[in-house]
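The same chain A turns up in both complexes below, where it pairs with chain B and then with chain C.
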Partner chain A sequence: MKIVFLLAACFSILAVALICIFLFANGVPAIWKIGVLDFLLGQKWMPANQLFGIFPMIVGSVYVTAGAIIVGVPMGILCAVFLARFCPERLYKIVKPAVSLLAGIPSIVYGFFGLVVIVPIMQDLTGGNGKGVLTASILLGIMILPTVIGVSESAIRAVPNSYYEGALALGATHERSVFFTLLPAAKQGILAGVILGVGRAIGETMAVIMIAGNQPVVPDSIFGGVRTLTANIVMEMGYAADLHREALLGTGVVLFVFILIINLSFSALKRRRS
Partner chain B sequence: MRVQNKEKISQRLRSYKKQPLSALLFLLVMFSAVVTLSVLIALIAYILFKGIPNLSPELFAWEYTTENVSMMPAIINTLIITALSLLFALPIGIASAIYLVEYAKRGNKLVSLVRVTTETLSGIPSIVYGLFGYLFFNIFLEWSYTILGGALTLAIMILPLIMRTTEEALIAVPDLYREGSFGLGAGKLRTVFRIVLPSAVPGILAGVILAIGRIVGETAALLYPAGTAAQVADGLMSSGRTLAVHMYALLNEGLYMEQAYATAVVLLVMVIGINALSGLIAKKVGVKE
Partner chain C sequence: MKKFFALALTMAVAVSALTGCGGSGEETTGGDTAASGSISVVSREDGSGTRGAFIELFGIEAENEAGEKVDYTTQTAEITNSTAVMMTTVAGNKNAIGYISLGSLDDSVKALKIDGADATVENIKSGTYKVSRPFNIATKADLSDVASDFITFILSDEGQAVVEENGYISEGSAGTYTASGMSGKIVIAGSSSVTPVMEKLKEAYIALNPDVTIEVQQNDSTTGMTSVAEGGCDIGMASREVKDSELEKGLQPTTIALDGIAVIVNQENSISDMTSETVKSIFTGEITDWSEIA
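And now, the complex of A and B:
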């Protein structure tokens, strides 16, 4: 019977291996065919003209992810501080489930909310069509909040209380003790939460596709439309054929490599902590 | 207790006058907590407010037609795909967790490899799962768009979640139970199935409900393996879309804004219900999520 359990445990190894093999085997040949540099650094994505440069999409993914970090991370960390050290117990019973609900809302619903609420607000503010880097950053920032909050909160809670008490005893206020002793002590855990949030933001598809504008060009301002790697795949996979389809799989490979790097640095950070 | 608190607050207020930095930090913390909560409330309130007037009995008709984009077939497909995914992911997930907790020795190389791969699996975005499902089931196995392919793709996606929650539930079972069972002469396998697993059921259940939540909300991973056919799937090997995919399709066509609002309400209510249920069970067991 032990062998059955062992085989089941090996299934996750098999799954990761299969995912890697299938993605790389299907995507890498296309990248070679197009030319690695032409593919990664090419400025033009025109499938009709056999031009497959995904540089604008890489930039797009990086922009919206960076935007999401700027919007979501400070807010998330402060909120984690609130939950761990400022929140009365009674309120905690309401706020904590609310944060996990925020994590449970489907991304398509987030995207819809962005489309019908944030986009019109942006239209009023900027006069453009309202879809672009800034809109996507705000929505993604909201979407990564629960991840950042959850991991940061447990990191702050894991710091021994004696740190906090020591700071208080030295005459620091509650806020100073929390921000200047607890937070620095928890910084590795918080960083892990941020990395996890980055992973979520860069892999997000359905919400981004509705509000980012999806033009395959490097945006000239934060109001300009962008297309992310994920959006590129979802939008064109349905009708693409031949080299175009393979180029989309290549886009998937690039995204997957990004995610693997993020995952590995997350695990490395986690291992260093324990 | 309460009197103490009040004293603390008045003391704090006094100290804020002397400590502008502390006051600023306090305000920042409160501000972000309020903003986070109000975003959630705004989102839920807006969708309920705009969506509930659009809910009509016709939207729950059994047949989907272009005149009446009923979401009932999508709801049924969601149930089928959820059941199928759990059917595959539960046995494998629970069995791997049993191996990791009950059988594996400490420092086992295989165990650390399994941990790395499960962590990797839980970090892979759903669109990559969708691509993999498409490449494996639709291209390699030459199936067309099938709900079976979609369900299998989702099964891999929820596997790490099931494994992690089951592991935590198994670890939370006190060793005394195991020792007592061994002391009465039961073997390893009997101990696992008769003693350890039953006491871990509530924890496992909470994980299963979270997994259901992920399946219900999933779009990108299903789009290519399962396709977007709007009718109830005829069998495992035919295409069908879940509620989330249905909503995406409605928005994509751009003609059905009101129906999209209504679908969003149903999705949101489902997810809130699932979350509440999982929280309730977790509270009963006393396991922190």
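And now, the complex of A and C:
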């Protein structure tokens, strides 16, 4: 029986290894051919003219992810605090499944929701086309909520109850005990949740593509259109040939490195905690 | 602790104020027609067959000093990667302008007349509406008999009649088709734009040759061309011209139909006619406001 488990474990490792090999073998030569600096720092993406600069897309991914954190993290942590320490049991039975359901909604549905609900509201508020950094940030903020809430809640619940009782015994109110003893004690777990949320936000594709505008330029305001790394790959992969196709795989390599950094910092954090 | 409640209260007020603005904004802007306001240009992604044809036909693609063809579509143009998102975007934004395949046009958006000609199949055939592109299929030299019989059918009177029925334009036919009574299997793969008409052709062909099975796989032009070259399918479909690098792999292209491209605006837009020069100026970013268009 042991061997079956071993095979199962090997299979997933093999999958990761194959993806790495495929991605780097196809993407890295293209990056060299274009020139590392031209590729990473080039401002112009015009595949028809052999100009492959993904700087606007890198900036776009960073902006949108940062926006998602600003929107989603405070809301997520407060929600986790509520679920762990304030929520009556009967309400918990409704809220918790609702949050889990949020995680299960396909991203294309989020995208469509953004396109028909958030985008028109933004059009009225800003007068532009309503697609851009802010719209994408709001939608991604909603999308990372379940991740942030789930991990933060279990981190808060993992704090020994004696911390809370100790604070109460010293005369602190319920709120004060939760916010000044439980939250600091659960800090690392919450940070882990945030990092996982970042991973989700930066890798999100189908929803963002519908509401970000996708202009391959560095946005000049938070209402300006933006194209992320993932959007760049998905939009053009279907039609791309030759160096264009390789450049898209190169974009994948950059994205992969981003995700790798995020996961490494996540595991570093976990190690420090234990 | 009061601090937290004060903060929560402030946020609640801010949120309700924002949504309040959203609601009233909708009411006031709803009545306008788009005779002014900055133009939201919506385009397709680089390498899309529709975009390639559009920029070529309107002269948005031009040669620079070095003799290279450059796509001058304004960098601030919003990019969508599907016809559906393009139509939802234009239908929901009264300042938007975009373009789609004529076969996909419906009432949610308004197609502009170009140089006075309506975007219709009749006008494309008569040559007054000039914005159209080819639908291609590609094969390798060692084509099976049954696949080549299917291509004969597509190019025949009967096949081209199917093309016309589905809103695309025939390029003329090569005589009548007589059922060959062959059997076998044909695998077709490629462009999602060509797939709908290919499905109809398949139905009509199977009605005549019940022993033949045809499998149509929908993906995209490049995948279609690649799988023909690698032997993964018999016939590839492309909604664009076949590239030189693909011809080098031994592909033989055949045009099976023409598809018009409609320039679309929001239904509320008061403009219904545009010269091709104006379209070009809008998509290259020279004209940025609807009020500049007389």
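By our rule, the second predicted complex is superposed on the first by the 269 of 274 C-alpha atoms of A that agree within 3 Å, B and C clash if a C-alpha of one lies under 4 Å from a C-alpha of the other, contacts with A are read in each partner's own complex, and residues count from 1 in each chain.
FYI, a residue touches a chain if its C-beta (ideal position, glycine included) is under 8 Å from a C-beta of that chain, and two chains touch if they have at least 3 such contacts.
The structure displayed is predicted, hence computed values, not measured ones.
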item	value
Touched partner set for A:142, first chain B, second chain C, both or neither	first
Comparison of chain B and chain C by chain A residues contacted	B
First, second, both or neither for A:102, with chain B first and chain C second	first
Contacts of A:210 with chain B and chain C, given as first, second, both or neither	both
First, second, both or neither for A:11, with chain B first and chain C second	first
Touched partner set for A:175, first chain B, second chain C, both or neither	both
Touching partner for A:37 - first (chain B), second (chain C), both, neither	neither
Partner chain(s) touched by A:241 [first = chain B, second = chain C, both, neither]	second
Which of chain B and chain C A:128 touches, first, second, both or neither	second
Set intersection of chain A contacts, chain C complex versus chain B complex	115-116, 173, 175-176, 179, 210, 234, 238
In the complex with chain B, residue positions of chain A that touch it	1-2, 4-6, 8-13, 15-16, 18-19, 22-23, 26, 74-76, 78-79, 81-83, 86-87, 95, 97-102, 104-113, 115-117, 142, 145, 149, 173-176, 178-179, 196, 199-200, 202-206, 210, 230, 233-234, 237-238, 249, 252, 255-256, 259-260, 262-263, 266-267
Touch list for chain C against partner chain A, complex	1, 4, 18, 21-22, 25-26, 29, 37-38, 40, 42, 45-49, 61, 68-71, 75-81, 85, 88-89, 92-93, 95-96, 219-223, 225, 240, 243, 245-246
Of all residues in chain B, those that touch chain A in their complex	12, 15, 19, 21-23, 25-26, 28-33, 35-37, 39-40, 42-43, 46-47, 50, 91-93, 95-96, 98-100, 102-104, 110-111, 113-114, 116-121, 123-129, 131-132, 134-136, 139-140, 156, 159-160, 163, 189, 210, 213, 216-220, 223-224, 244, 247-248, 251, 260, 264, 267-268, 271-272, 274-276, 279, 289
Residues of chain A that touch chain C when the two form their complex	45-49, 115-116, 119-121, 123-125, 127-131, 173, 175-176, 179, 209-210, 213-217, 225, 227, 234-236, 238-242, 244-245
